[in-house]
Amino acid sequence: MSPKARRMRFVLIALAALFVASGLILYALDDNLVYFYSPTDVQEKHIAPDTRIRIGGLVEEGSVVRKGNDVSFRVTDLSNSIPVRFTGALPDLFREGQGVVTEGKLTADGVFIASEVLAKHDEKYMPPEVADALKRSGQWQGKEAGGS
Amino acid sequence: MHRFANPTRFLRIANAVLPWCVSLTAVLFVLGLGWGLFFSPPDYQQGETVRIMYVHVPAAWMGLFIYGVMAVASAVGLIWRHPLAELTAKAAAPIGAAFTFLSLVTGSLWGKPMWGTWWVWDARLTSMLILLFLYIGYIFLWDAFDDPQRAAKAAAILALVGSVNLPIIKFSVDWWNTLHQPASVVTMQGPKIDSAILWPLIVMALAFKAFFVSVLLVRIKAELAERKLRIMRLNQVARENSRLGAAQAGAES
Amino acid sequence: MTFSGENLACLRGERIVFQNLGFELRPGGMLLLLGANGSGKSTLLRLCAGFLRPFAGRLLYDGADIFSQRAEHRSRICYTGHLDALKAVMSVSENLLFWTRLSGGDAQRLDEALDLFDLGGLADMPARFLSAGQRRRANLARLAMSRAPLWLLDEPTTALDKASCARLFGLMAAHRHAGGMIMVATHQEIEGADSAVLPLDDFSPVEAVF
Amino acid sequence: MTFSGENLACLRGERIVFQNLGFELRPGGMLLLLGANGSGKSTLLRLCAGFLRPFAGRLLYDGADIFSQRAEHRSRICYTGHLDALKAVMSVSENLLFWTRLSGGDAQRLDEALDLFDLGGLADMPARFLSAGQRRRANLARLAMSRAPLWLLDEPTTALDKASCARLFGLMAAHRHAGGMIMVATHQEIEGADSAVLPLDDFSPVEAVF
Amino acid sequence: MTVFWAVVRRDLLLAFRQGGGAGMAVTFFVVTVTLFPLGVGPEPNVLARIGSGVVWVSALLAALLSLDRLFQADLEDGGLDLLSLSPEPLEIIVLAKCLAHWLSTGLPLIAVAPLLGLLMGMPGAGIGGLVLAMLLGTPALSLIGAVGAGLTAGVRRGGVLLSLLVLPLYIPILIFGVSAVEAAATGLTARPHLLILAAMSLFTAVLAPLAAAAAVRLALE
Amino acid sequence: MTVFWAVVRRDLLLAFRQGGGAGMAVTFFVVTVTLFPLGVGPEPNVLARIGSGVVWVSALLAALLSLDRLFQADLEDGGLDLLSLSPEPLEIIVLAKCLAHWLSTGLPLIAVAPLLGLLMGMPGAGIGGLVLAMLLGTPALSLIGAVGAGLTAGVRRGGVLLSLLVLPLYIPILIFGVSAVEAAATGLTARPHLLILAAMSLFTAVLAPLAAAAAVRLALE
């Protein structure tokens, strides 16, 4: 084989390998490769009790109940929701309708016992007056489920 | 011998630009900090804490931007063997490392009140930490060579290899469910930040850029001066050698 | 088939080692590189082998720049440097066979090469038991198996005793006779009266200007 | 003050390098070690410096075995080996001063030593910028500051140009004149007509036993 | 391709004749992992919790330590000159050296990994995942390492510098490697993580030889 | 004692002029410690639980990596010949080299250890204990390491071999170092552990130079 043809062959093999690798990554990203699961994921994947996972979503409006240091609330992605219990200090941003990521374990009866609750916020920034004005004028778009 | 003619022209331009750059930096900083810290409104959710943004976000942008500059300069240095490109990459590295570090620190300071934690190992934060390590490795690699020409090429290879990390940092928030928020400024739907907060942010970003250019110019000048010193020393060796050679020739005849 | 350098300059560690250097080698020719320590003999050889790029000037093989046809150039040369490139835990013949296979030499001629440098009895000896001179001879034995037309030899006589030197000179003469070309850097006498001399001291810059 | 070896034999890697070797050095004397590669010149010097123990025989200094008075013996010798023992990141004078302080030499004579080997202009230069010959000279400059009576020199002229060789020979003559002793291993000519010669080839075992 | 296999053969030969090449990396791996029960305390559930992480981190370090001689040894004895003068492209030769490194280091690590997993009290499914993830991921360790080894060949204090350059680049492999094990251990699908590991090995198999060969050429200047 | 201090000065000078001596060990330390949260997962209470073990193991590895040049560099440039020919006993010179190694490696590690402790979520008292324990324990790391460095000087693949020889000897320091931290963190007295660490450093300060000097003499034969 001439050197040119050999070089051509190497280049082709290399390109093929890169192509396959990119394909694998795209395929894998399609699957779930996540920092946290959404409540729907949890339901669909039948995650076994007692496995340590993170779930993320919005704190359901009107679900927060505080008893001293204990809090219980529901995390929702607007189609499914999971009850969560937590003991400890909450971040400032924690409030109803806000995004959260919590880490813990699912019990057999479907309650999520959180060992940590982190607040997740979206990418919108505006002064309070603007937010109020938007709400009043009815242009407020509500929340999408916990991030992208 | 373009490689030795170039620095002189560069120095002339740099000396002319530098004072302007420094003044611009000062003005932008005063304007941006004043606006950001005192005259911009609080956020409807985060309250006053949002002001960390005026440092965090420009610092993070600069951390990425400067690595990009280094990668481009390294490619130019490798392909066209332009010594000024190599020096630019070298001079930029510590500045980029400092900005990256600043963004990590301000990010954690911000994360504590907002997220409830200083640090999580999500994709955005982790990839940013890797960037800092890459900067540090790059700086040490320059140090480890005796011969600056070889150091330049080796460091350039590393900078190019490391640049795969940049898109990962940028798009980590879209590819994975991170705790870190997605992009607010450069998005498909336009900025998602109210202009009252966006403008001071932009001024601060410009201030950081101007600061970078000023420091970069100063550092390149210092690098050039050091190189000149090195060459003077080597010339001394050369003279010493030729003197010896002459003496030897004299002794033989 | 000619190998020539035109107007070469070389920079090492920001210092010019030599400049305005030119040479020409034709089939059967030999070029002796002479000069004080640090005058750039090894540097020039490594330049010719393609390890370094010249700072100025060109290196031409049959009229084509060697850096425009790197792969071809690599198969044209056989280089021996200051170091012997022997693995201590491999035997002499294992070492030789590996390098020959790598450079596309003639593995059939192993025995011939060993005999030529009087290494016959040492063929199965791990290289770590060899003396300096024997190591050097094992390195030079590659030459006898090489098919490359251009030999680049950096002080090949170092550590060799008189008898081995004579064998080496014989091999070099045979190579030239068969139309090969040789560049040798040396501090010692090399046999080969008709060879051209390149005095590297003459090409060092008067004042290293930057 | 005499230094002598009696009936020495040395084993390296289970092979006898030399045997039945004896020598005697008196004040002002010089011993040239000659021989083919691998005949044991470096080995003998390292033996005399106390790095190795002889397999058989004794090394006596003023009648006492050197291995019974190691510390004293160390302060009696100045050794230069194949390697130059220069740190690349330290300047020439920093390197020299460190070794001199370590071996109890005369740090006052730094300038003198530098001048002697024409290193004056390079005193503050990091050693990495030196050429091979300059490195070798910097290593040899230790001799000019040493207070040791016995010099052990392993191929000191390697990489030296003619002028530096002459300076070295002058220094050696002066040392002998002052009552010092020198052992030199060499492949090259060494000035000093009256010196004794130890041909190491004569002491290699008739049959190399493994 | 005969040159390719000749290089692989020689490097394997050297690894096995020179003071037990594979043996040392494996022993380092085992010793480091066993340091943890000593350092952290023998509590079984803590050990099981950190097991996959500790095994992966130790594997990274073991692969790393055996890397610093990859080109350095050939550079010091002049062999690298001749390797790079082969008519075959240097990239191919570098790839061959990586393959030999993986066969002599990566594979033995994988062989003892299940044992260490047991030692750390990992569940059976997790150990299976560990072996799979290491099979797919360790080639990338050798390949990325080759770039670092090339860059630090002939450099003062190359060893420590090498780890500085290479460890950050190993982090993605660590992350996906560990998540594959965790997913397998908790009964979730490890497939996406394994796919990404495979993709990284493929990517680096193409790109790392290019960068490493460039770095090696530099070391020869 | 002027020779002693001359050697200390020189080795420190070399450490700082040669590619940021201290800097690299520290960076390796930091990078290795950060690998663990990545590998083990970010759960704060697990990290806090294993924090002291991870920091100590990483410190061992960082000290180890910077050791392999302790005598090797001097051996390669012929300096070790001259060092051992000094009229001063070789043991003293070895001790000086150990002191310089500790000043340029151990001390900087101690300086950044609190930061890493914070990163791993260790409590304040634990961090105080960590610093004390490292102050008392790290000298022994340099000293024991010197023995290994002497034994492996001039040996093929010395780096890996070194870790095999030295790491097992580091285990007692690891155990007492970690228990000192744990005791301090839980409010118990760390005194007995700290005393044992100090005793180990003292013991090795006497015995290690003897062994290391013997090993170095062997390397010069």
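Letters are used for the chains, namely A, B, C, D, E and F, taken in the order the chains are written, and counting of residues starts over at 1 for each.
To be clear about the criterion, contacts are C-beta pairs under 8 Å (C-beta built on N, C-alpha and C of every residue); 3 or more make two chains touch, one makes a residue touch a chain.
Worth saying up front: this structure is predicted, and the values here are computed from it rather than measured.
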Using the contact definition given at the top, which chains are in touch with both chain A and chain F? B, E
With touch defined as above, tell me whether chain E and chain F contact each other through largely the same residue numbers, more than half shared, or through different ones. same
Identify the chain pair with more contacting C-beta pairs: B-F or B-D. B-D
Comparing centres built from CA atoms, which chain ends up most distant from chain B? D
Argmin over chains of |mean CA - global mean CA| returns E
Let me check something: if the centre of a chain is the mean of its CA atoms, which chain is farthest from chain A? D
With chain centres defined as C-alpha means, what is the inter-centre distance between chain A and chain C in Å? 65
Chain C-chain F separation of Cα centroids, rounded to whole Å: 46
Could you give the separation in Å between the centres of chain C and chain E, each centre being the mean of its C-alpha atoms? 37
By the touch definition above, chain C meets two or more other chains at residues 13, 36, 38, 71-72
Among the residues of chain B, which are close enough to touch at least two other chains? 117, 120, 126, 133, 136, 140, 144, 146, 149, 234, 237, 239, 241, 248
Touching two or more other chains, which residues of chain A qualify? 29, 33, 52, 116
Across the complex, what residues on chain D touch chain F? 49, 51-52, 71, 74-75, 77, 79, 81-87, 89-90, 94, 98-99, 101-104
Which stretch or stretches of chain A touch chain F in the complex? 52, 103, 115-116
Quick one: which bits of chain E touch chain B in the complex? Just the residue numbers, please. 147, 151-152, 155-158, 161, 164-165, 167-169, 171, 175, 211, 214-215, 218-219, 221
Please give the residue numbers of chain E that touch chain C in the complex, ascending. 2-3, 6-7, 10, 13-14, 17-18, 76-79, 81-89, 217, 220-221
Considering only the defined contacts, which chain C positions touch chain D in the complex? 13, 36-38, 129, 131-134, 159, 161
